[in-house]
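A, B, C, D, E and F label the chains in the order they appear, each numbered from 1.
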Amino acid sequence: MSRLTHMDESGRPVMVDVSHKAHTTRVAAAAGLVRMKPETKALAVSGEAKKGDVRAVAEIAGIMAAKKTSELIPLCHPLPISQVEVRVEPVEEGLAVAARVRTTGQTGVEMEALTAVSVACLTIYDMLKAAEKGMTIEAVRLVEKSGGASGDWRAE
Amino acid sequence: MSRLTHMDESGRPVMVDVSHKAHTTRVAAAAGLVRMKPETKALAVSGEAKKGDVRAVAEIAGIMAAKKTSELIPLCHPLPISQVEVRVEPVEEGLAVAARVRTTGQTGVEMEALTAVSVACLTIYDMLKAAEKGMTIEAVRLVEKSGGASGDWRAE
Amino acid sequence: MSRLTHMDESGRPVMVDVSHKAHTTRVAAAAGLVRMKPETKALAVSGEAKKGDVRAVAEIAGIMAAKKTSELIPLCHPLPISQVEVRVEPVEEGLAVAARVRTTGQTGVEMEALTAVSVACLTIYDMLKAAEKGMTIEAVRLVEKSGGASGDWRAE
Amino acid sequence: MSRLTHMDESGRPVMVDVSHKAHTTRVAAAAGLVRMKPETKALAVSGEAKKGDVRAVAEIAGIMAAKKTSELIPLCHPLPISQVEVRVEPVEEGLAVAARVRTTGQTGVEMEALTAVSVACLTIYDMLKAAEKGMTIEAVRLVEKSGGASGDWRAE
Amino acid sequence: MSRLTHMDESGRPVMVDVSHKAHTTRVAAAAGLVRMKPETKALAVSGEAKKGDVRAVAEIAGIMAAKKTSELIPLCHPLPISQVEVRVEPVEEGLAVAARVRTTGQTGVEMEALTAVSVACLTIYDMLKAAEKGMTIEAVRLVEKSGGASGDWRAE
Amino acid sequence: MSRLTHMDESGRPVMVDVSHKAHTTRVAAAAGLVRMKPETKALAVSGEAKKGDVRAVAEIAGIMAAKKTSELIPLCHPLPISQVEVRVEPVEEGLAVAARVRTTGQTGVEMEALTAVSVACLTIYDMLKAAEKGMTIEAVRLVEKSGGASGDWRAE
């Protein structure tokens, strides 16, 4: 593993300086899963869940959360998002969530994409918990990123 | 699976009425894991991560996020939290996060505990992503809840 | 018109004291309208608007805004909402918005209901403005309220 | 009516991509009215309303709300506002509200101007509702906009 | 000095449990000062400052900040404020700020009163900094508190 | 004292236009002090305070508050911060707080640095108030700024 440069010697929190970085187009995609019983998934997909249309509410919650990322993550830089898309789709194990975020700025949008996915997953849990409390949020991860000095990256 | 009562016939979003519910003490505990390489975990535990002391920052982020739950989750009721604790501990696969939330109110605090865990996990990712982009957030789940009309519940 | 009691003699802003008021169930309903061309309304109802399903997004935006009322209105008291419902329906002149909010607290929820309606109307405008910039938000008003010392009230 | 391009085929919410748009100066002006009885208006103008100076508080609320627009409107892009002005003036039917917002960015500030007007109107209602619950918020509309690819626009 | 009880043995952050505390009326008053040159004070009092009426804007900012206290102070409990008053008055050394906050709840409102004072002072600085950058915020302190298990307290 | 230009003739609040200003690197440093008894300081430094590690929590609170500045200060422009550092250090009279903020934008970051210091001071008060209610926040001030049309400035 590469040793970290620019480390703050005292181990104290710091929002690192990005003022020297280039303004480039940066994209990040993240994904996650809410694992649930088939009956619970059926309820979500049928639109009969207690609190309304699970997928639509979760997608909107994810988009709005992407805009709140720097408020939630203490050392994350605020940045002007130029696009967010969040999709909730049924898969065999439950509901899968995918998010894609784009910006033109000095830092990447990995955290925005991961935050969108996490909050969409939490919203799915909230809307279905009357039916199944044992659902789990799993495999929340970065899928790929592009742009920025550290170059492109894609999960294996 | 139990059929849902009080369902809104049209499938549209609704923040359900809780005004008839009793004000009781309610507690919820949730947990999650950020899976990472041993070298990344060593970096976190040593306090040498680029952005500061990972565990302290993530614990504070989790506590603050619990207070923002009803802002993030569209149909979640606001409620006055009377206690929050978030702990980040090294385990074999990476860093484990646990949260416990307590309130005296008309709805449970499951979402507050799960939100605290999720945001603490996201913060851990943010602080260590310079070292490892492939970390995953896993097994975010409710561990137990007590209080309220639906009674106590504990994950199997 | 009744002279106002408890007026702050200096004309300066004050969040008035409600600590002596009883905790009672309070309900308020508000309504509003976004006036638009028939073609624009058709676009909204068909679900073909550029940014997605207009009605679902506006309803969720209204619910979330109700929870932010005391952040937006400077002298408004924060209070724990126990229910919110926002409905967007097509009417002859465009899209009508209705909101109903309930709480058990020391102040009424008129502002929460009006804020939910206003933000739902703004969201409708946002989602359809690519089609028609000349839409207008009209007749945002309290429809009825109940509970509290000032008694019940209903618009004529 | 012009067919919408770039429509998301599935009808699901999306914060549309603006990363290809030019950074230009954009201005938007919006207006609205709170209709009230002459006695209520007199109370507002005299500075004797229960909660303080109605016009000053409403103007500040409108300015602060403009900065919160992207938090309130789900699919609205965050953008750095470079100027906001909100004015509340007595007119025959009640209190008129006007807002002007300017930015240098990739999207227009119509929503910021309309949000400023709406929240200023809501604040006026809040400060005067002890005197008249039947006030209505009317004619909230875009007055003009300039800048951006879609060109200038002015209400007829 | 009294040894602290209930201390978290590990030195980690915790929002302490208040669920066993009584719901009582609690009041806190705080004060502060922005020290400035006589010419700057004259500018503020005359209403000729660049950004508008300094005192009115600072008072409103203080009231709104009181409602945001638990968002700003990590381990502070959210609580429903029932009254806030903030006053800015000219004194010999500059502008003095005083705040009084009241609630019926399980924790005191010292932090709400101090936050209101601090943000009102910051707002005064912001509105006058074009005239004098060397102003200082001084003597921000609790003046008195009443209610709660720890009893009444008054600064000497 | 220099007469203020661009003054709004009516004395009403305005977020002044900065759209003509250059995008330059701007830095501001601010400082403050929480005065306390030696025993209280000892408690803070030993890590034995009731709510956790005072210095780490206050530093994080200060960083997060810098990002909220334009939400708290009514006429302050939002701007994308590129770096924040907050340090809490023991000094003879208590705990000293220093903040440094950097941006590339059209307005300075004086308010961001002062807000970071103020909220860090409030957090210190919150975490130690169980031990000493009479602590005072003092000498919150701008230390230096650079960048922007008004040039560099340094406190005497």
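Annotations for the structure displayed:
Definition applied: a contact is a pair of C-beta atoms (placed from the backbone, for glycine too) under 8 Å apart; a residue touches a chain by one contact, two chains touch by 3 or more.
This structure is a prediction, so every number in the text was calculated from the model and none was measured.
Chains that count as touching both chain A and chain C, per the definition above, are B, D.
Number of steps on the shortest path from chain A to chain F, with steps defined by chain touch: 1. At the interface between chain D and chain E, over half of the residue numbers appear on both sides, which makes the contact a same-residue one.
Among the remaining chains, the Cα-based centre furthest from that of chain F is the centre of C. On superposing C-alpha atoms, the copy chain C sits rotated by 120° relative to chain E, to the nearest 5. Chain geometry summary: the mean Cα position of chain B and that of chain E are 31 Å apart. Separating the CA-averaged centres of chain C and chain D is a span of 15 Å. Multi-chain contact residues, meaning those touching two or more other chains, occur in chain A at positions 12-16, 53, 56-57, 60-61, 64, 68, 71, 74-75, 80. The touch graph of these protein chains has some other shape, matching none of line, ring, star or complete. Remark: the chains found to touch one another pair up as A-B, A-C, A-D, A-F, B-C, B-E, B-F, C-D, C-E, D-E, D-F, E-F. Put simply, chain E touches chain F in their complex at residues 1-2, 4, 6-8, 11-16, 32, 37, 39-40, 43, 47-53, 56-57, 60-61, 64-65, 68, 71-76, 110-111, 114-115, 118-119, 121-123, 125-127, 129-142, 145, 153, 155-156. Those residues of chain C whose C-beta lies close enough to touch chain E in the complex are 12-19, 70-71, 74-75, 77-80, 105-106.
Remark: chain F residues 53, 56-57, 60-61, 64 touch chain B in the complex.
By the touch criterion given at the top, residues 25, 56, 59-60, 63-64, 67-68, 80-87, 102-104 of chain C touch chain B in their complex.
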